[in-house]
């Protein structure tokens, strides 16, 4: 048994790893996890990882920097809310796909400056989207069904008669959405389109010479990325917080998603998951550690400030030690373990 | 295993269990989603400091509520919703939770479903979801003392006293400067409604978050020449508004702040520009009230005070925290009178809040005469008819400049009920029958007293 | 004078003066970007830290000049530390990595400044009475004029510095062509240290002026959001561009809010500056001063 496993691992460690991971996520965690694990760690982790995955398509693969990810999450969340509100018969899966589509359309519009701008100029131009969306969802009452306070309740999570209302259900729901989209993204980056994205990142002129339609590819990158980020916004609002409010999709969230991508590793799919794990779990560990060392009654503000400093230092440290992110760190660990780079 | 050993082991085990049970049997817990860092830290440190100070006072002076010790634990949220949810999930399994007090609209919204499922009260003093005033639809949510609508009505009532009667408002112009957020926008329809009702003109002007630039808004106000400006601000927006008002020549004593624009932190950064500015409040500031003096003597003089800076004792947020402590503790006390003097469940404390009736005499007995007026919470009215007063900044501290005014609750109730009914329909909820519950309460009380005899 | 015209002039003037304040923050970015290609997002945190340090020292009884000198020393130390410990180990990394590192630095500075000085808000009184004065019916803010004067003075000092000192010349050489400068024997790290010190000083000036306007509190670090559209419009690498763009953005944003706001909804100031800067770049991609830049296609 042990030898068979080792053989298979040596054969294709990554595939085995994914199978094991999925077995863990679907088979073991739902049985043993506590409601705290689902509600406070895994569901936000999944939503943020998905958002990171979406941004990575844009920034990691196509080399286009965006600071407006949270705006696309907001577009996805508000679109899904309005679709489910105004088209009550629509199945949830269709709602989510359409919401992603609307976010993608917004992404194409937001991507237009990318045809003329690059680098930080483009990054800052995406801030226009960030602030415009925040203004619009706040301003246009129709988007929040004229709720007096502008905060709206997410509809129930029911797919094909199955309710995903409890903590475990919402985790499984998120997990399924994330798994499907991750698989799709995996196929995408291996397709000719995916290679075009990388081509315009690495050398735009060369890409143009070999016949890549640069403008179209850039807009496509924005569309695909925004689709994924938009769906992440739906998960964030429907599965995690269960309310939709504009403040949750502010600039800090955009930076957080960018952190996830950079720390996890640009241009790798698992980077988003590693980065999200780092960003979601690390503050919790730090605060637990702090509380354990300093006691429950300790001034939580001081603790938080220390935490902020530690987080900042860790971010800088990761960037200095491993500029290619946690994903590269994992690769090196893998090489050390298996003696060769995982396929 | 020999029989004797087994019996002994069982005995020891049960003794341990009893001990563990005993340890939490006389404790009532308050989990706090506090925010002591970040942009709103000033409010968070004051409010949670005051709340903790009052709980400390009750423990040290009275040994708890009827012998039930009050405990608390803090989780930092930085006012961010997802951190608030994380703290909720982390602390919700603590034994004997009495109530949640987030002091954050966003966190409160995210908690409504959760507390309703977990059957624990959620206290949103002076803020929160307006239609949660309707306890028939929101059994576990309590926007105590003041909701955004009654605040609006209270401000208009006050402006009427300055003009010499509601009828004198006719033809006047009021500009409302609001923060560009769901919170800021919430009262837009109410100002419009009251303007129509009383015949004044209202102009509502948005300040984009965070509000550190208001030149254009105040120039618009300058052109508009309103009689009053109502400031519905938040954080840095407030001092900047006062400074920019000065810069554009609008007198500070014609600016009236709402409940989130009424603290020292809102005026001190504006310096001289804030002198004469008026703001609404549900609790007077200052340290002269007996209960605050007891906190000074019984808590701070013993070195167990929560505020790092003693100068902030009696500040607006600190007093709000103390008042919040009074309301929570009294709700627990009232529920204990009904259910027994022990650790209560969240649902029992909910009952306590729904019977939280503190008249002026009781308020005075609690050492809070002048600090706040009274409260009268019922099953259907979770706000409790809080009175408001107005305070003016004299450059060093707030001075009360009005009586305790009554917002026009009757006029607002239908709007609130329409909103809560829509919520109930959207969620598929059946509103509670409050009259039936009160009858049932009365008959159990009668039976209990009959049993006692 | 026609009241509408007076009002228009007031709006434009107010906008221009606000624009100076934006430019003040933007210059801090430009100094660092020009020499090292880093978009230093920690600039906002540095502004907060400088103002908080200064005001806390004054509140503890230090006289004004002594507090200023002490804060200056602290800012120099912060600039140097960031340069040594963060930027130097990351040399030759892609710009985005450097950008993220400065976000990490921003976390550290924000955390440290509140840990050291507390989270309360403070008033900062620079001793300038901000009552407006009236010129032919147009209100002009005394404080804003003072701030514009300080900003002008600072730009003049920076210009003189870059024109007439050795370090200044080296700075320009590095900005023009880092490789050639390296070949000519200029020591890059020394110049980087110099610009980080300079941006620390700019942060102090911006922090004092903004702090006097807003009060000294956490939100002070958000002033960078006002500086970013200025940078897009004026170019990340031009001090003159930052000044002119600041004026344009300030005036455009006020005009839009006052005259466009009633049509499409008020509160548009938050994003209109970005859209305006963007629209301008789309029409004229070479930017305000026609500087060539690899960053723009």
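The first chain written gets the first letter, and so on, giving A, B and C; residue counts start at 1 in each chain.
One rule holds for everything that comes next: contacts are C-beta pairs under 8 Å (C-beta built on N, C-alpha and C of every residue); 3 or more make two chains touch, one makes a residue touch a chain.
Chain labels with UniProt names: A, C = Branched-chain amino acid ABC transporter permease; B = ABC transporter substrate-binding protein.
Note that the coordinates shown come from a computational prediction; the quantities given were computed from them, not determined experimentally.
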Which word fits how the chains touch one another: line, ring, star, complete or other?
complete
The larger set of C-beta contacts, choosing between A-B and A-C, lies at A-C
Rounded to the nearest whole Å, what is the centre-to-centre distance of subunit B and subunit C, using the mean of the C-alpha atoms as each centre?
39
Taking each chain's centre as the mean position of its Cα atoms, how many Å separate subunit A from subunit C?
32
Separation of mean Cα positions, subunit B and subunit A [Å, integer]
36
What are the residue numbers in subunit C that touch two or more other chains?
111, 114, 119, 265, 267-268, 270
What are the residues of subunit A that contact at least two other chains?
134-135, 138-139, 301-302, 305, 308
Among all residues of subunit B, which ones touch two or more of the remaining chains?
36-37, 41, 45, 180, 206, 208-209, 308
Per the contact definition, I'd like the list of subunit C residues that touch subunit A in the complex.
39, 85-86, 89-90, 93-97, 99-101, 103-112, 114-115, 119, 225, 228-229, 231-232, 236, 265, 267-268, 270-271, 274-275, 277-278, 281-282, 285, 294-297
For subunit A, which residues are in contact with subunit B within the complex?
35-36, 39-40, 44, 134-135, 138-139, 144, 148-151, 153, 240-243, 245-248, 252, 284, 287, 296, 299-305, 308
Please output the residues of subunit A touching subunit C within their complex, sorted ascending.
59, 65, 113, 115-121, 124-125, 127-128, 130-132, 134-135, 138-139, 251, 255, 258-259, 262-263, 266, 301-302, 305-309, 311-316, 319-320, 323
Which subunit C residues qualify as touching subunit B in the complex?
7, 10-11, 14-15, 18, 111, 114, 118-125, 129-132, 139, 141, 143-144, 210, 213-219, 222-223, 226, 253-254, 257-258, 261, 265-270
Name, in rising order, each residue of subunit B that touches subunit A in their complex.
34, 36-37, 41, 44-45, 73-76, 78, 80-82, 85-86, 89-90, 93, 105-106, 109-110, 112-113, 129-131, 148, 180-183, 185-186, 189, 206, 208-209, 308, 419, 423, 426-427
